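Structures incoming, each one as structure tokens.
Note that chain A is present in both complexes that follow, paired respectively with chain B and with chain C.
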Partner chain A sequence: MRTETATQAARPVAQPVALGATRHARGHARVIFDVLTTNSRPWRITGWVVFLVGLGLLVAFGLTTTQLGTLRLGTTVLMYVVLTLAWSVLSGLGGYLNFGMALFFGIGAYTTAIVASHSGLPPLATFWAAGAVPAIFAAVIGVPALRLRGAYFAIVTFVLTLAVEELVTVLGITNGALGMYITPMAMSLRASDQVYFFIFLAGSVLVALVVRQMGRSRFGSHLVAIREDEDAAEIMGVPTTRVKTLAFVFGAGVAGMVGCVYAAQLYYIAPPTTFSFSLSLNVVVAAIVGGYQTWVGPLVGALATQLAYEKFVSSSDGLQGTLALGALLILFARFVPGGIAGVFRRRGTKVTL
Partner chain B sequence: MTTAFQIIVSGILLGLIYTLIGAGLAIVLGVLRIVNLAQGILIMISSFLAWDLLVHWGIDPILSVLIIIPIFFVAASAGEVVMLRAPARESPDRAMLLLFGVLMAAEALASIGWTTDTRSIDVGYAYTSFKVGGAVIPEDYLVMAAVAVVLLGLTELLLYRTLLGKAMRAVGQSRQSAEILGINSAWVATAVFGLGVALAGAAGAALGVLFPFNIELQSQWLAYSFIVVLIGGLGGLRGSLVGGLALGLGQELFSQFLSLGVASVVLYGILAVALMVRGGGLGAAKVRRI
Partner chain C sequence: MPRLEVHNLAKRFGGAVVLDGVTFDVDAGVVLGIIGPNGSGKTTMVNVLNGAYRPTKGTVSLDGIRIDGRPPHQLIRMGVSRTFQNPRVFRSLTLLDNLLMVTEGVGHQAKAGSQARELLEFVGLGDYSSAVASELSGGQKKLAEFARALMTSPKLVLMDEPFAGIHPTIEEILMARIRETCDSQKITYLVVSHEVSELVSLSDEFLCLAEGRVLASGAPGDVSTDPAVMEAYLGAPTASA
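Coming up: the complex of A and B.
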């Protein structure tokens, strides 16, 4: 990773593809560059065509399909697309590994359950609370936690997931280990499956565009600078703590909203299923398999991993699913450093990885 | 008064075993800068192996420790050479990702192989105890604490009285300088990883005798290893000893006043807060200084 970006940073700034980066990041060091703009123009156009055609096909599929199983698989894939994209801002651009997406997902799901049961609102209407509570939580823990570098931050996210899961299991308001029920929406099975499919589809597109834009903005450049050399970034005037915390809060808020939709969809949540490591692991594996330094990687990774389970193991929750996930993570961490997107980019654009 | 004495005695005995799991993590982290996320599951696997050895072959857990240590050392060293070395060269984070994969895969495999049932290792000395000055000392605590002391002593000798130990400490201080002085740091790294995992394996057999266990306990052992390292830092076995004893005493104290669930919330909470407030325990160099 480090050598790759060092070579790219050393490329002459005069290249047309680097325009986006120079416009926003004028006055910053050479370490600041934009991963996405290193793609050449034909590839970018091809990418957009593929993206729009794919989107059109997905919409057509969602409207017309009668195979509810496939529709639900699509919903799961899209859920992981959203989570992985949200994860990739701090962890991909910023280089801070986060093993705790389940933490914020779970807090969001529980916020929905608690607010919906106390106020009588439909679960999806608690969307904002489910995003806000994890975001505030992330802001509170982010400032001290992000003082830690690298592995230590990862450990904190890991341990906090354990702590909050135990807490939710003993608290009264969360109904302890019994879990909580949420009143489902009054709809036919097919209609409700379609609703959730389109919610996650819209969420994926929205978050993908936001994350793509973030990667090209000054904010994204700051994160990349932090990943490359945090001390240098700090000296060059990057407000490191603020940038990292914002990225963390963004990821947490999105994960919380996903948790809200998940809770509404399943209308029953319990501590071990919502704060499950398999969810955090799914996100990390999707990012590693797809490649997490661009916004395309998470799309590819979530699709590839979820389809792989569907094909080879019954579900990603069971033991075989976890085994397959672990094995995938080991293999990609060992043999394919840039993920699928990394391999593709290397072949297609001759960018040295 | 007797309660206080009781807490202190069992806390210290337990703390010696916790020192062992902390030392396993601390050695790998201190020398290789890699957080061994698979530590907890390796401890669990060792407990299961000790159970198997006792049930199927009638081997006493004390002997099992002697069998498990070489198995774990060889397996971990081989794993380091084949899988861990390349990503570790790239960055410690990459190695940690791989170990996260190992954690998940091994947990799933162990759940399939040994099921998720709760087991306990029943040995003759598990139910006997004797009284010293009003405190009840269970014999299994005493035996396993003695095993831990012997192993810690041997590790201390290895680290401070042998050439290999000196090389390990040198690589921990500065890998580049060690290389310049002719140390083959790659093989030292292999030995360090093997040693760290072997210590965790020894602790697993000991812990399996003391507590009933199931696969889910692995996250607790991982968290406990973190706590020991966090309190004791990376300054060698003496640091781990301080951390281990503090954890042992703290756990005995909490379990007197709090229910099991609340006690683990408190422990994990303390760990998270301590990590954030004082990352210094986990290698002061990693805290932002600017």
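Coming up: the complex of A and C.
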């Protein structure tokens, strides 16, 4: 039996037979979170204005604030913004859940410590090495690991983090469990806090723009196709292995660079704090809470989760806070799968990051 | 030289013999209708021809070049494209992106864009190039998939049950467009379908598979009325059917 509808039956052959066309009329009102991805000109301009004003306020705050605690919290939020954005390419667009951002972050931090201590370079000057080493590592493990799908890939990234942490704990070059010291920058505490705040602010803007562009490119479409139906994507000619590996390498490289800045900022790193599962988890939670189907989501998610951590975990009872965040994660995954940013998106719009 | 030559093609899954020595060839610009009862190996053959499965034995040649054993992403660049029994469009991408994602190379973005729009227009989905695929009806998804298959500039298009569960209006568009592109661009179509009467009117040649073998082949009218074919379909001699 064929299915028939009155609407379809009434149309002559030559006419388009799609239904619901009016829903795609351009220029419909969209809310602020989505404005940077819409094609509608007034909203796009509004979006950029909001973006630039926000950026201006953050710059003003960074330059003038005397509250170092708030400045450091801001730095942490921005660090997670960068990590979550980097994560969202493979995991948001591509659907491969990466539970190992700490792996690449840690490798980057240790690369900085090792290179800086052996070469005498300032830690921030090892930026490129800290990005390159985890990126190469991701390229090597990505090819076999990305053959696994769903939970299996997530497990591999998690287990690899543990394995590398163990390795770093026993190796001589990494100074084992004692950790490594990095020479701090010779400047006042406030000036150095400001420097790191601005590094992460600049990093957030840069990575956000790169990720946004990726989401709109052919590369982004390929990742979405992989997320939705990888077999069909491959059959239709998408070079799936290459696309997935590139997305994985990008995330790893950025995480490594973040690790470099983190190491320089703290000037002491140790295996459990750098290869920390809570870092990997924070990124996933930020993405889920904020929404990873738009590149605005990670901005919102990192802010929301880090403020929540600050409020709950650091204050009095750690367990209470962790439980609260766990509950939040479950609630979001179950009831708000698009995250905070997703709530404001119109259903059925193109998924752009 | 035929566009597609299939020689002694066999596919086994463990002990199950799904294709068992299938041999046929098709010329350029021909629609070959493939019929056969459920489980006769039609979909498996499509999957082998587009590279999703490796044949257990036998050869497949496209314009004289061996293509058996090659992966689908290579075959699509060599000109073998397909559609699926249940449409597999990418739901959260726009129709335009669904078409553009199969094109390679970055230098011809604008050209690919206009080609994709033309193809969507061609199948009657011109107004919906920026609609996301999940909002389309099943029949429209089939049209979109067909446009996507054409986007790869194919020599051979494999269509698995293109007419199953779609409205006659869409079926009419689909059949007309298959015929047009077959005649004008010399695309060869292999169309698997249970809608025998539609397939008879569309096809130049017919092939009936049963239990993994070619039961009959030739002119559509002859094959579809062949007593052995009718028996294979109905499971009883024609007289009693």
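Keep in mind that, in the parts below, the second predicted complex is superposed on the first by the 288 of 353 C-alpha atoms of A that agree within 3 Å, B and C clash if a C-alpha of one lies under 4 Å from a C-alpha of the other, contacts with A are read in each partner's own complex, and residues count from 1 in each chain.
The rule is short, and it goes like this: a residue touches a chain if its C-beta (ideal position, glycine included) is under 8 Å from a C-beta of that chain, and two chains touch if they have at least 3 such contacts.
Values in this document were obtained by computation on a predicted structure and should not be read as measured data.
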{"item": "Which superposed partner A:Ala139 touches (first chain B, second chain C, both, neither)", "value": "neither"}
{"item": "Most chain A residues touched (candidates chain B, chain C)", "value": "B"}
{"item": "Which superposed partner A:His222 touches (first chain B, second chain C, both, neither)", "value": "second"}
{"item": "First (chain B), second (chain C), both or neither touched by A:Ala233", "value": "second"}
{"item": "First, second, both or neither for A:Leu162, with chain B first and chain C second", "value": "first"}
{"item": "Chain B versus chain C as contact partner of A:Val336, first or second or both or neither", "value": "neither"}
{"item": "Where chain A meets both chain C and chain B, residue numbers", "value": "2, 231, 234-235"}
{"item": "Residues on chain A engaged by chain B in the complex (per definition of touch)", "value": "1-2, 95, 97, 99, 141, 144-145, 147-152, 154-156, 158-160, 162-163, 166-167, 169-170, 230-231, 234-235, 277-278, 281, 284-285, 288, 319-320, 322-323, 325-330, 333-334, 337"}
{"item": "Chain B residues within the chain A interface of the complex", "value": "33-35, 37, 83, 86-87, 90-98, 100-109, 111-112, 219, 223, 226, 259, 261-262, 264-265, 268-269, 271-272, 275-277, 279, 282-283, 286-288, 290"}
{"item": "Complex interface listing, chain C residues touching chain A", "value": "50-52, 71-73, 76-77, 81-82, 84, 88, 90-94, 97, 100-104, 106, 124-128, 130-132, 134-140, 148, 152, 165-170, 172-173, 176"}
{"item": "In the complex, chain A residues that touch chain C", "value": "2-5, 8-9, 11, 13-21, 23-24, 218, 221-222, 224-225, 228-229, 231-240, 348-351"}
